[in-house]
Structures are given as structure tokens and as C-alpha cells.
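Take a look at the structure set out below.
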Amino acid sequence: MPYSVAVAGASGYAGGELLRLLAAHPDFEVRTVTAFQNAGQPLIALQPQLRSLAHLTLVETTPANLLGHDVVFLALPHGKSGAITAELPRETLVVDCGADHRLTDETAWARFYGGEFHGAWAYGLPELVHSDGTRQRDLLVGERRIAAPGCNVTAITLALAPAIRAGVVQSTDLVSVLAVAPSGAGKALKPHLLASELMGSASAYGVGGVHRHVPEIQQNLRVAGAAQVSISFTPVLVPMSRGILATSTATLEPGVSAGDVRAAYEAAYANEPFVHLLPEGEFPRTADTVGANTALIGLAVDSDADRLVVVSAIDNLAKGTAGAAVQSANIALGLPETAGLTVNGVAP
Amino acid sequence: MPYSVAVAGASGYAGGELLRLLAAHPDFEVRTVTAFQNAGQPLIALQPQLRSLAHLTLVETTPANLLGHDVVFLALPHGKSGAITAELPRETLVVDCGADHRLTDETAWARFYGGEFHGAWAYGLPELVHSDGTRQRDLLVGERRIAAPGCNVTAITLALAPAIRAGVVQSTDLVSVLAVAPSGAGKALKPHLLASELMGSASAYGVGGVHRHVPEIQQNLRVAGAAQVSISFTPVLVPMSRGILATSTATLEPGVSAGDVRAAYEAAYANEPFVHLLPEGEFPRTADTVGANTALIGLAVDSDADRLVVVSAIDNLAKGTAGAAVQSANIALGLPETAGLTVNGVAP
Amino acid sequence: MPYSVAVAGASGYAGGELLRLLAAHPDFEVRTVTAFQNAGQPLIALQPQLRSLAHLTLVETTPANLLGHDVVFLALPHGKSGAITAELPRETLVVDCGADHRLTDETAWARFYGGEFHGAWAYGLPELVHSDGTRQRDLLVGERRIAAPGCNVTAITLALAPAIRAGVVQSTDLVSVLAVAPSGAGKALKPHLLASELMGSASAYGVGGVHRHVPEIQQNLRVAGAAQVSISFTPVLVPMSRGILATSTATLEPGVSAGDVRAAYEAAYANEPFVHLLPEGEFPRTADTVGANTALIGLAVDSDADRLVVVSAIDNLAKGTAGAAVQSANIALGLPETAGLTVNGVAP
Amino acid sequence: MPYSVAVAGASGYAGGELLRLLAAHPDFEVRTVTAFQNAGQPLIALQPQLRSLAHLTLVETTPANLLGHDVVFLALPHGKSGAITAELPRETLVVDCGADHRLTDETAWARFYGGEFHGAWAYGLPELVHSDGTRQRDLLVGERRIAAPGCNVTAITLALAPAIRAGVVQSTDLVSVLAVAPSGAGKALKPHLLASELMGSASAYGVGGVHRHVPEIQQNLRVAGAAQVSISFTPVLVPMSRGILATSTATLEPGVSAGDVRAAYEAAYANEPFVHLLPEGEFPRTADTVGANTALIGLAVDSDADRLVVVSAIDNLAKGTAGAAVQSANIALGLPETAGLTVNGVAP
């Protein structure tokens, strides 16, 4: 019998992608979908792409409505999950796609988010290799509280962690610039997210170290072995529906060869089902990850600039959010890690 | 009486934009348009947007067809302008939009382009301030051989030169990542430039220091005062018709404040008609530069990462190519520098 | 001395395009820009593409603020211009880009718009040829109250009026389907106008004869000579910043040849500066009209289906709105009709 | 044990989508992939989105290489499948995504395609209801030669056939205008398919009844009961990766009500798994069908214009090509019709 599932925040983009993945998952059955303002509406009115779930109606996002399910996925605005989760039984698997339970450092939380600090949960990036060789996936087995990573964080962590763990680059002068789709910003009605503003245009935001994903990246790279992490992080909105293409660079440690670098990534990802290292001289494009749980990674060593350049591509809503949540839930429940997920993108 | 003008390479994107600007210029009259394969066709068949020039027919790109004009603009593939220019009179103003005459260093030419080296011409980036305070515009007055800069080069040079000249950043650890429109790659029929491949996708190319614009950036920043320039440069193709959004970062020199940085840029650009420094906390978008000769620049100091972040936006075909060529021609001929050019973008 | 100009509704897309055109116009000087909610803000904050007008500040949209100018352009929501215009002097040229003064039929107004009916003004589509051969431009000379046409209306009227006037098609079974850019819907914060919703998607709206532009099209085609007009009209939102591509079809009258049809359009547009008939077998694309006041028209006779197919392309904000307003103002004031306007599009 | 499958023409867009669907299909196993020029290359080099098939290498498209499979899908240029199929055993299920076996009328073939006529196969549009009530799906059971429909044809047939079969509209004055993605035109290197040409632009092609899909539409609507079919058909290229939005209109028969129309469509599609009729007043968008085998249909009755307007949306590569092929193969083989297919789109 499939696990019964509730999705809170089912009217947004992350919620919609969760539902798309769950609808195709052999072991899950979506019973309940919740929303704030849109409660009472048929799900199909908000997620017209989800024809197979047209029978569902959005109910209000309350703890009561989330009780009685084996698994609860939260796709709520930051700051909303703490109070709700407190009322869910310990044995319910709760996967939070929001930021509330990602950061271990209360000071970082206070500086970048503010409001009550609810503490960190098990972190839903199975491919993160700790400095001691532990894979993060091992910490998710049997877990009942999981925080899915931020989408930009995933793109950058997967790009840089292997090099840092292997000691082939310095961690104190990292630079990441990301081409990102506006769906990462959700359905909020903000002028700069209008189609007329975004189509045909590229623009940076959160420039200068103020983006909320910075402390989460630092946290991950410390897990991978960095004593100290300094990163210049700039996301650039570009006109595409989905996708993150992160260009991350780091200063090479002296004497490191291109072969050393590649070996570090092969060690990290050779057996990963969802992280694929591209051959020498090839670099990914986001289109190839659309709808897939795949992260694609290309490497270049720039001897003149003395820098490693890593280009990583993910679908911000899939591997960047909902896919990571489902993958982590699979692990937590003892299901095959790849259940209900694909590595094949919808391209062109 | 207007200057008579010929445009060689009139069937491509750079040629088309040159013609659009020249058609609106009060002091120029386009008499001749040339092409290689498309010779014999009406211009309007290749540039259907140029209704006011529908009377022109493309003739073959030969020195003979370019003789007898006051001004010749070359928008040819790299390596094609040397032989042609050799046969044009010294008094003809020749502005080359290709790379043939940009680099002063024959070794750099050989490494990144190859083929015969034709030597550098006066460099068509009027706003470049030399380490001794000379503005590049002063070197263009009366010139008859001008090399217009590469589009990515313009975006990065304008972003970084003031900081380097003022000594507020180091020049040995620069990182630039650019969101670029595919029109910069021209009309060549290459699979990765197909609409189905590019729409909805972002992808990096020329990764790892191999892009031809690297030595030109280094050359410019040395002019601005850098003893040595090391730059990691990665262009990312994004689905928009025009535009470059460059995110450039540099390590701050010790003790430098945000005010010091801003002062350096104000000194450089306060009186520039085409380079506009945005207020604190604002960053440009490429849409605002479409069709305009404008470069927009936003600054942020990231104290945590100890880096200056400069975001610059240009239209790759306008200020990035054809606009710079016209602006430089204006200066060379003693016309108002802004003649036939606008600072207002076509947005949305 | 240039005419002094005020633009009411300067923070929207139509207002922005008006200002872009006016800034480049040799005979106009923008003195005043007004807005509702955005009053008090610098214009550049709302129209960051208009660098040459960065000195202007938005003031409130009131009759008092619009007094004392030679020309007032109104780019206001429907229903807002009547009360304001009533307080402006008769000798002020007022050009309304809204719908308030387009319809002559109060019943049609009541059905499609509702609210107070303010009566029709001189209609700003200079190229409309009346059944008696009068050109609409002649009715604009010396006028002081002009209503600029709806954008979709312009695309369809220019496509169908010549055939109707010449009697080569029936007017009772017209079908027009338009690919339209979302900028026509303005900056309103509506969910379906978000970039994530629109990019990569096409969708119809106003289906089934309910769109407000239907009665205006009918009115124009009656002016061109139709006794009765029946039109099926469907706009389709597509992911581009600007542009309308209208495909309009009409049943051919018996015995009409392709040559008869072409002759009708040549008679109508041979001398028009802004309407260009493409050669046999060629059809326009919207990119070629971006930023231009051009309408491009292609014709095909489908003998199997017994229908004329007319494909017309305009920039919805230029010839579709602001360009038509400036063109009409030029005529009204006795300026060259093409002053400040271009036929050359910004492409690619 | 899964059926062994070969895909011929695996390097194109239709081939890629076939492979994406087949890779997720529980009953098929892709053993062989073929190509013409790209033979010898790894599949992943041509279809970088298909990570799960990275072990496959393209072999040459020859009959020999296609022998020995249970199912062969052909995604070849028009005119290429006849000779190949002639050499495949009768018991092999062959599904042709090309046009070679769609038309029953040799005259129509000669006029619109030319070259040798190979005769029609069973037509792979299971939802087509014949005038006598037969559903096309019933004719596919046990079949071994199936022609998948043209993508535009599917969008229009599904939109118009129910009304024609029910006799609520006339079939002699149909008009369809489609917003179509360029992926329908394949990977051919043609100038007008370059991203710089297509992004930000809409353009019509095949105008005036010359498009090859016209006779196939006529054929289908005759099957649905039309004595004679006259249709004006215009496809409009718009800047999106996938999707067709067809706006189809037909003159209502006298006395027909909106309820009559809706009843006709409900009768046709109430039990269809992949064709969904939207509620009154709702119209589809292509984004909701991306990657899905869904066709979404919205209806409006325009009493003023006396026309039915049907808006239909499909993914041109999925339900429009590869999805229809897999769906038909499912039926032919006695598998569940929905096996390996989804109704949920990848949106945003």
C-alpha cells in the first residue's frame, strides 16, 4: 500500500512540482493538498498542468489538515513551517522545502532570515560528502524530519564540495555567478517578475553577499572540509522558465593538476545516480535537466587565471527543490532512492 | 553634405545594427553595402527590419567596392579585414568591428586567433581611462584607422577599469561571468544556436580561459594601470535576443571603503554620455540598453567575501559593437560624439 | 522652439514608449510626466530605460498638472481621460492612447466598456481609407482631440480595410487570430502575466467575441465600406516582449484574382510611409517592427479555401499605441508626419 | 519481458522525445538507435538530456540494423520510411512518425509531398471518432503498421472533429491559426530557425493553403463525417520550445446552442484519458501540456460572429508526435493505452 501524503503549500511552484513528481511515484499517494489564500479552490485551478490530480481540492494549511498522513511535504514561505511541524507526530516524515530548518547556526539565521529559530533538521542533499567521507545520504536513513536544500545552494554545493573536500582548491576566495529562472522566486506578484520585464532581459539581484543562500552554502562547504568559507555569490535572473546554471570558480592550490581535480569529482560522483560529471571539454545546459532530478557538472582548469571553473546545471524546481525532497523521502523511508524520479530532461 | 559610407559585411548582425544606426545618423549616408555569399541580393532580404534602406543591393566585399567613400565600416569575420584595408586610402576613415586590429601583442594574437598579424589600430573605447589619466577618446580624434572593441570586452572593461586605475582592487584575481545573447555569435548556422536549443536554456561556452576576448580584456586593464592581469572569464548563453550582463568581481585592496570604490567610478564616468553609474543598491538589466549605446553599471562591496562586485549591462550589438563604432567615428571626424546615438533603450 | 509636452500615465508601458519617442523627437520637449500611485518618484525609477529623461519626476495625474502644455498625451486606464480632458483648454492638442474616445456608438461602449460615454474624437489611424476615398490623415490636420487606436485594432484594420474597401472580400465572415505580446496588457500585477507563467507558453484570452477591440474593428471596417461586419477575433498571448502578428482571413468575392487583391493593397499603401506591403510569397515577422512605427503586411490567396489570408505585424507599443499617437500629433500640428519616428526595427 | 525496441532517426527532436518516453515505459526496452550523418556517435552527444540512455551508440539507419526488434519507431525525414519498412517482417510493429503513410489519397500525396506513394497505414489518432461512431483506437488493436499523425493535424482534428461529427458546424469554411514551437521544424540548420531570429518574434509560414498538413486535416474531418472540407490553415512560429496552440473556428449550423456544442465534445471526450475538455470560459495554455500526452480543449460560441471557436493545446513533440506513437503502440500490442505516458505537464 502506498504511503499517504499531504503537500502543504500546494498552490505554488515548489508545491506544484512536488505534486507532479508524487503523482508519478509508485509508492506515494497524495491525499491532501493545502494552501493559504487559495484554500477551497480545486487544485487544478492553481496547477492546471496536473490533470491526474484534478480530483483534489485545496484545504487550509493547518496542522489538523496535515495530521494522519505518513509523509508531509511542506512548500511554505520561510518562517511558516516551525509552528505547523510542532504539532505533527514524531513518526510522520516531514520534508520541508523552505529554509526554516536548514541552518545550524542561529546567528546566521538571525542575520539572513530573522524571526524565531527552529533549529536544523537532517539536510536533504544526499550527495554531499563530509570531510570524513560520510555521505549525507547515510544520515537520512530512517529520518523523520528533513530540510530540503535551497536551489542555488544545491547547484553551488555540488559544484564546489568535491574540490574542497579533496583540498585541490582554496575555500576562501570562491566566486559563483548563477543564471537562474524566475520560477525560483515563486508566484508572488512582484513587478520585476512580470513577463514583460523579464523576457529579453538579464538582471542581477541580491548582489554583494546579501542573498539568503550564502550562509547555507558556507555551512555545506564547511561540512565538506573547509575551515573557512568566503564566497562571492551573485544570482542573475534570465528569461527561462526553469533552471540554474551556476559558474563557480575557486583558486587552485599550488601544484594541482587538471587530473587531480577530475579525480576528486569522479571520487565524489562516480556512483551517484543523479549527479553526472561531463567529459573533459563539455559543459552542461539547463535544458537537459528540465523536469529531471539530475545535476550536470562540467570542469575546466584555467591555468592562466589559476582557477578551477565548475559549471553546474539543475532544474531549480526539481533537483533544486521538489526532486531533492522526494529523493530524501525515498531514502528516509527505505525506498529505492530513485523511485519516482528521472534523470532524463524534457528537451528541447 | 553627409559623409558617404560603406558597410562591409552588411548581411550579418553587426552589419545590420551598423546600418540601423547609420540610417538614423544626421551626418552619414550609406551608399554601399557589401557581403560575401549574399552579394547580389537586395539588402532588405537579409535585413528585413531596415525598411528605410530597402533601395540598397548587396555588392561583393572587395576593396574596389569600398573605394570612394569617406567612411568604411567593416563587420567581417575575423581575419578578413587586413587584406581589404591595405588597399584603402589612408584618408578614408576605416572602423573595423572585427578583432583583427585590436590586440597590440602579436603573441596573444597568435595564441588566441592565429593567422597573419596586422597590428593594432586606435582602440574604439572612448571611455577607457589610461593610468596617466588620458581618456581613450582623445586618441581617436582625427584617427583614420579604428578597431571597435569586442562586446564582452567592453562590458568587462567598463566594469573593472575604474577600480583598477584607482587602485581599490587587485588585478590578479578577477572573475567575470557574463549572461550573453546569442546574437553575439552571429548568423552562422550552428546547431547550438538553433532556437529550439537555446530557448528555455542557459549554457556556458569558452570555459577555462580559452575565449578570444581574454587577451583584449587584459590589454585594456593594463592600459588602466594593472601591472599584471589575471581574469577568469566565462560567458553564459541565455535566451534573449540582445544584451550582455557581466558580473565582475575583484578582491578589494585592504582598507578600501564602499565610498572609495564609488568615488573611483564617479571620477571615471560622471561626465560620460554613454556610461551611467547606478545609485547604491541598484543594478542594471540588459533590457534597458536594447538599441541604445548605453552601458549601465551597478556596484556592491561584499565585505564578507572581501570583493567588489560590478554588474554591467550593454546591448552587445549597440554599445558592444556598432554603437561603439559609430561613436568612435563621430570622434574621429570631429562630429558631436553622441550624433546618431541614443541613451534610451527599447524596453519592455 | 519645440512644443511643450505632458505625458499622463508615464509609469506604464504605453507611457514609457511615448516618452522614448518624444525624447528623440526634434519638435517636442517633455516637460511634465504624471502618474497615479507612483507620483513623487523619479521617472527613471519606473522607466529605467529612459536615461535621457532621468531629470524628470512624476507628479500626480491631475488636470492642473497637465495645464500649460502645447500637447498632452494620455496613457491612462480606460475611463480616466474624460474628466481630465474636460478641464484642458480647447487649443491644447490632446492625444488619448486609451479607449475612451474611440467608439462612436454609445451602445457598443456600454456593452464592451461601460461607465460614462464621452463621445468619439478624431481617430488616429492616418492610413485608414474611407469608402469615399478620404484618408483618415486628412481628418487629423489641425485637430486638437485625437483618439489613438487600439493595438490589435490597428493590426487588423490595416490588414483588412483595403480588401473591404475594394470589395474583393466579404465582410461578414472575417476571422482574425493574433499572436500578441503581454506588454499590451500593461504593468498590472496579474498572475497570468508573470514571467514563469508566460515564458514557454501560448494561451488564448478574450475568446468568443468578448474582447473590447471587437466593436472598434467593426467601426473601422464600416468606415472602409462594409455594410455589416462580422468578425471572429482571438488574441493569443505568446512569450515575446513586444509585437502583434495578426492572421486575418476573409472569404473572397466570386471571381476575384490574386492580382485584384494585391492591387487593392497597393492602391491603399503605395505611398504610405509606415505601412509596407511585402512582395508575393513573403510574410512579416514582428521582430522587424520592434521600436518602429512600421506595419508590415503579407498577402496570400488560398484558392482551395476560397479565402484571402493577410498577415500583419506591428509593434504593439509603437505603431500600435505610442507611435500612432506621435504620428497623429505630427499631422495635427502640421509637422512632417514622420518626424521623430522610424521605419527601422530593432532586430534581432 | 519487455518488448525490444529500435528507434530510427534517434538524433532529431521527434526521436529524442520517443526515447525519453520509451526510457520511462515499463514494457519497452530500447536496444537500437539509428541515425544518418550522426551514426557512430554516442546517443548522449546528440540527446544530452537522455542520461539514462547514455550507454547507447547511434548506428546507421539501415533495414538490417532495424531487424530483430519487436517494435520499430521511425522518426525519419519524409520519404525515407517506405524503402526501409519494405524489408521489415510483417510481424514487427512499425510506427512511423513521418508523413509517408498518413494520406490515403495518392493525388493529395503527389500535390503536397511528391515522390513515390507508399499507401496509408492505420492512423495513430486513437481519439478520432468516425462518422459511424467507430473510434480510431479500435482500428489499431493488433495492427503492425501505424502512421502517427502530424502535430498540427492532431491539434486541429481534436478541436474540430466532434463538432463536425455532431453536425453542429459547417465543414466548408473552417479557419485554423496555430501558434507553434520551432521544434516542430526539427534540427535542420535553417537561418530562420536560429535563436536570434526567433526569440522575441512571431512569424507566419506556409500561408495560403500550401502547408503539407492541410490534406491530412481534410482527410480526418471527412472520416468524422464531413462531406467536403475547406480549411484556411496558418501556422505562426512563436518563441517557445514546445507546444501548439490552435485556434480553430467554424460557422455554426443554424439553431445550434452552446449546450449542443458542449454536448458534442463531451460525447467525444468524456472517457478519453488524454483529451480533456475544459469548463465553460476556460481556455488552455501550452505550458500545461509540456512533456505530457495531453490535449486540452476550450470552447466558445461567438453568437455575434456566428462561429464556434475551439482552442486546443498540445505538446507538438509529445501528443503531437512521440506520445501518439507510443499510445498507438500500446494499443496495437494490447498494453494499457496509458502505459509510459503521463497527463501531467512540466510547468512552469
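Every chain is named by a letter (A, B, C and D) in the order it is written, and numbering of its residues begins at 1.
The working rule: contacts are C-beta pairs under 8 Å (C-beta built on N, C-alpha and C of every residue); 3 or more make two chains touch, one makes a residue touch a chain.
Each chain and its UniProt protein: A, B, C, D = N-acetyl-gamma-glutamyl-phosphate reductase.
Source: prediction; values computed, not measured.
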item: Repeat of interface A-D, chosen from B-C, A-C or B-D - more than half of residue-number contact pairs shared; value: B-C
item: Approximate Å spacing (C-alpha centroids) for the pair chain B, chain D; value: 45
item: Separation of chain C from chain D, taking each centre as the mean of its C-alpha atoms, in whole Å; value: 37
item: Set of chain C residues in contact with two or more other chains; value: 13, 183, 196-197, 199-200, 239-242, 284-285, 287-288, 290, 347-348
item: Chain contact topology (line, ring, star, complete or other); value: complete
item: Chain D-facing residues of chain A, complex; value: 13, 16, 20, 23-24, 48-53, 183, 199-200, 241-242, 276, 284-285, 287-292, 294, 317, 342-348
item: Complex interface listing, chain B residues touching chain D; value: 13, 181-183, 187, 189-191, 193-200, 239-241
item: Touch list for chain D against partner chain C, complex; value: 173-175, 177, 179, 196-197, 199-205, 207-209, 214, 230-234, 236, 238-243, 245, 247, 249, 251, 283-288, 290, 298, 300-307, 309, 311, 313, 347-348
